């Protein structure tokens, strides 16, 4: 098969669906110009929607989280290949999973969380589930099973829900993502906390950080392997060069300030894949 | 005792009862006659406060009936039992429960919802049923009874209310002559033995003549006759029924046996049925 | 022309029709009588191939009717129209469409599925309806017609089939005497004017006597009588109906006017109805 | 009848037929056009096309079944592990059906002519039921999750809210067929409104109410499973998490699915049996409402 | 009218027993319900819920649903002041412009409704709170550096070294090292019709009408329809997509289920096996539930309205199959036999003997489903990614923009109302008006 008739881009959650589509409108235009075929944007309700789309061959490109990429790879190694990764303002490409709790609940560290209710985000999220579910037991020395260390462990469904749940006291502590740079009061420079602060949802004075993971590699932009070679090359080149071409569009598609994208390969995610594999046993 | 003054009811532009004035000074059995649409039912329903009046007043032993509201109105309804042409029982409930409904006003709502009627009431209900000759049907569902039996259950419910006044809206219109007589006999006996006032809408002249102490005739909502049965001549009846000269009383008769006071008419009536 | 030989139908252990043998050599009007359960309907249904036979054979002008299958069987059904006691029309469709159903066998399936019938057929249908006196009801829904009119629509559908034989299973059993006569007259006229064979199950003796050239009597599935109406004496009728001496023909009569051939019996019948 | 009149009948009928054919032709054409163009629009707007996708329909079940079969030994354990979640789902459905029946009965009586406590407010109560029926459960559930926090209660309230509207409408139809005579009889003895309703109306309508309530219960089980999927707890929540994680937990997904399927089928059968006994409910109007 | 002395006690005892039995049910059933509800209270952890439930959230939600907030923010490093509705880029006032209550300048002065005045000076930020006093802050490297008029802080001031938040009835002020921000709530759905960059923003309805008449209608419409804040075009499309899913799903299911229903109907399929297989097939489709079909189909078809439509189609095929086959089992066989006797082919028998009979029943069932499926499509859309359901749930999950949520809810309810009305109308028209059996 030499050509394609259309190009379909999947966009992960974090913002409301329509905003996501809007902020990718510029990418759509560039892509249509570069490939000469119609481009469609999709904003499924959760991580799994995009993953299933990639696996089923109904989505050609997406920016995945590391864990989501691992899942895609484990389900079908021939489905997608990572091509690019976002570079932070300081040149790194990692971020952190941040554990946090309400200040007035007198929880200041993981130790205080014993017997309490703990909230993950989406099961396919790297920072919202995979990494903390591996690193936290290492610290507590107990599993994440209900009643083992924590009184109860739940999935809230996503980063936003975790933040609101902690803020409301529905769960005593939870994990979400942040770049870990800048001030706690602002919700750091970027990440789910920052967005919540900007939206006026939470007051960081009410919250405390109780745990922080080791740096987590930023998720890759992936392309479906079955795409024709020149399509993959064109798309990689397009996004790689986006930072120099159009800062605004880069800001839009990378959900904040960044230095654009760098190439990356499968090997960067081996450790995450291993982590995920170990959780799947 | 019971005083109806200028009582009027209009439905839209239609005046169903027009300035009815009646005074009842001692317990008696009153029959109201008149042709269909004359306003008989409406008058009775206003007395029981099932229908609100438009103007005028009803008072009874110092109570301004037409002014009562809420609980007081319901208390009046309890004192003034009503019997309907279609019995208006709860068909799927047993006979005793239907009779006990007569005490609803006196008992607390909650208790009655849970079927908590005092044993004394239950016994009294059975006694009343016995008095009306249908005690053996006590546990049956009301719908399983014949029309005449159901009407007697309705009377039992009325008696259970221990009312001062019993209103009966064409109590025998849905009954065959045999049952009609049993029911009218029961009403008469209640009047005589208990001394309660009974006001019954009747659609047959001979029944009114035979059972009532006083007859009220209505036409187009107005009371056009009020007197003893003796005063109710065929000419008066024609006026009440607004009938032309061809009017024959026999057409409205349901008697099954010759009425003593008017044997020739009853025979006439009996023939018309066969 | 039509030849029924040793035709038998058993339902489980019950023999509905037992070795029936009949030969029809020229178009005639045949009445089949017998009491309920005698097997009349089953016989007719086997002729139309609505019910499969158990043994024996039916042949008609060289066609071995009982051996036909698929399209050939349907072609035979088209040649051998059937009229039912309950009319068996499509009540929600208009009269003309119902009549047009008589052509279903001849027209292509696809066209008919979309209700596309040739204009010529529609005209013929209306002519037939006119012949039966119900043309003005053509656009109405079948269910809007009276029983007698519906049966005439059914006859119209049968005629629309342009059949050699018309089978009628108690065509007048659901009709009042007035309509019954109209329908039987129509069948007779069809036989006389078009020269079609009509075989009708009838539940009244006088109808059979009055309208048929030949009467077949059935009892317990067997043909126990086959002859002219004249040969059908009251004694024979008693045998057919398996009745005791108290049997009175009048009980089965539905005539509304004296029948010429047997005036005294019809008067008898007329009295019984009043 | 003269030939002229037959001709007139003929012409009239032909005209009628032509008109009818035209109308049904147009209707059919419009319907087909809507279906086809609708399909094409949906197909174009979908990520994967229908013609490419339908051969892959079994992909996902195949993966799930393969993993479940591989770990068949763990299945009974999973079934037990997820049983409490199933109970929670059933509880949500049961409690919301209970409240729905109570609220629906009340609202239906308030909005039936002849029974209403405040006859003037009938239109108000009717509109109230319409609105309650129209708002999808998921909307109420999500709002309540925001206010009350996640868990079964928001789902329960959301489903109960909807159920009140749906059952209220059906109940008021039942009420309309109830005889007013007993009610009037009770009114004449001075019974309160509550007494009239409970003693006079309930005995008449109870079998129909029960039949509708059973059907609603069955529907609410599905609804509560779906709401679990958006964060309201129960078996839907477990299913979503297991399904999202994917490979490694497909055996759990399969177990949850089995539980859910068995439950739905069981209640479906039980309720239709029970309803057949009570009376015939109108399923078409009930499902999904 | 007698009761012999000896059967009286008997009847009384009988009635007594009757009432004991009645009381038992009268108490028993409510008691069982009550016990169950008490169990449910604990099973659902209602006490815990009451403890953690936050009425404040409810209040925020209600207030947000009918009001919008304007953010006036000062970048504490550069001193630049920007004004934006909902703090969104799309709602930003062009440089140098601001609503009337914000006076831009060397020192920006913000006058609030309750008489409070906030100033953003070159180095200092202040908030003069009526009835409390003046709060000043010099945000910078040392933190917020705020000074308050009282020692003891009221509960509506939440201050730490690095961050100060003051919430009053008239506005909210937050100060961090990086940024100072004032949120002011105002009633209404600002920018609902036109965004700030549109020339029609703030123009009265009369004037708009006049200008529309004078040939600007396309431009006005364009500005409204493509409003970047409220995105009317996208919302309209989403509504359409939802109805489309319901339409395709319902009617597709009806078309698929009709022939299959014949297989499951006792009177049309003599083969027990075929019948049973068809019925189990329907049970399976129904039992699996739209939810799971959505997940299964999403893999094959990806996100989008088609997937939702197919999920509805599959589930409803099961429901329709069952209901249709029941309707078919109730058909009147005489009509069919009448046609059979004319030699009609089987297909013709079904067409004229069966279809006209079942059409009214089936049609009304299908239309009922169509109406209720618009509601289901909202939910399915939320899962599979399409339609108004996705917009709604996403707007809710991200928990800002409650006014948009309100807007979507109103639209969904109106949509369902409209479908309710439409299907009722169609049902009345088609079933009454159809007299040829189509």
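Going by the order they are written in, the chains are A, B, C, D and E; count residues from 1 in each one.
By definition in this document, contacts are C-beta pairs under 8 Å (C-beta built on N, C-alpha and C of every residue); 3 or more make two chains touch, one makes a residue touch a chain.
Bear in mind that the values here come from a model prediction, so they are computed numbers and not experimental data.
Contact with both chain C and chain E is made by D.
Here the chain at the heart of the structure, going by C-alpha means, is D. Fitting chain B to chain C on Cα positions gives a rotation angle of 175°, stated in steps of 5.
With centres computed as the average of Cα coordinates, no chain lies farther from chain E than C.
Highest C-beta contact pair count among chain pairs: D-E. Using CA-based centroids throughout, the chain positioned farthest away from chain B is A. If you average the CA atoms of chain B and of chain D, the two centres end up 49 Å from each other.
Mean C-alpha position of chain B lies 57 Å from that of chain E.
Rounded to a whole number, the gap between the C-alpha centres of chain B and chain C is 60 angstrom. Centre-to-centre separation of chain A and chain B, using mean CA positions: 82 Å. Contact of a single residue of chain E with at least two other chains is seen at positions 52, 54, 57, 299-304, 382-383, 393, 397, 399, 436, 438. Counting partner chains per residue, chain D has residues 24, 45-48, 53, 56, 59-60, 146, 149, 151, 230, 243 touching two or more of them.
Multi-chain contact residues, meaning those touching two or more other chains, occur in chain B at positions 97, 113.
In this structure, the chains touch in the following pairs: A-D, A-E, B-D, B-E, C-D, C-E, D-E. Residues 1-3, 7-8, 11-12, 14-16, 18-19, 22-23, 26-27, 30 of chain E are the ones touching chain B in the complex. Residues 48, 50, 73-79, 81-82, 84, 86-94, 97, 101-102, 104-105, 109, 112-113, 115, 141, 154, 157, 161 of chain C are the ones touching chain E in the complex.
Those residues of chain C that touch chain D in the complex are listed here as 96, 115-116, 119, 122-123, 126-127, 130, 133, 135-136, 138-139. Residue ranges on chain E touching chain D, taken from their complex, read 33, 36-37, 40, 43-46, 49, 52-55, 57-58, 61, 241, 244-245, 247-248, 251-252, 283, 286-292, 295-297, 299-307, 309-310, 319, 323, 364-365, 368-369, 372-373, 375-376, 378-379, 382-383, 386, 389, 392-393, 396-397, 399, 405, 409, 412-413, 416-417, 420, 436, 438. Here chain D touches chain A in the complex through residues 45-48, 52-53, 56, 59-60, 63, 146, 149-151, 230-231, 237, 241, 243-249, going by the rule given at the top.
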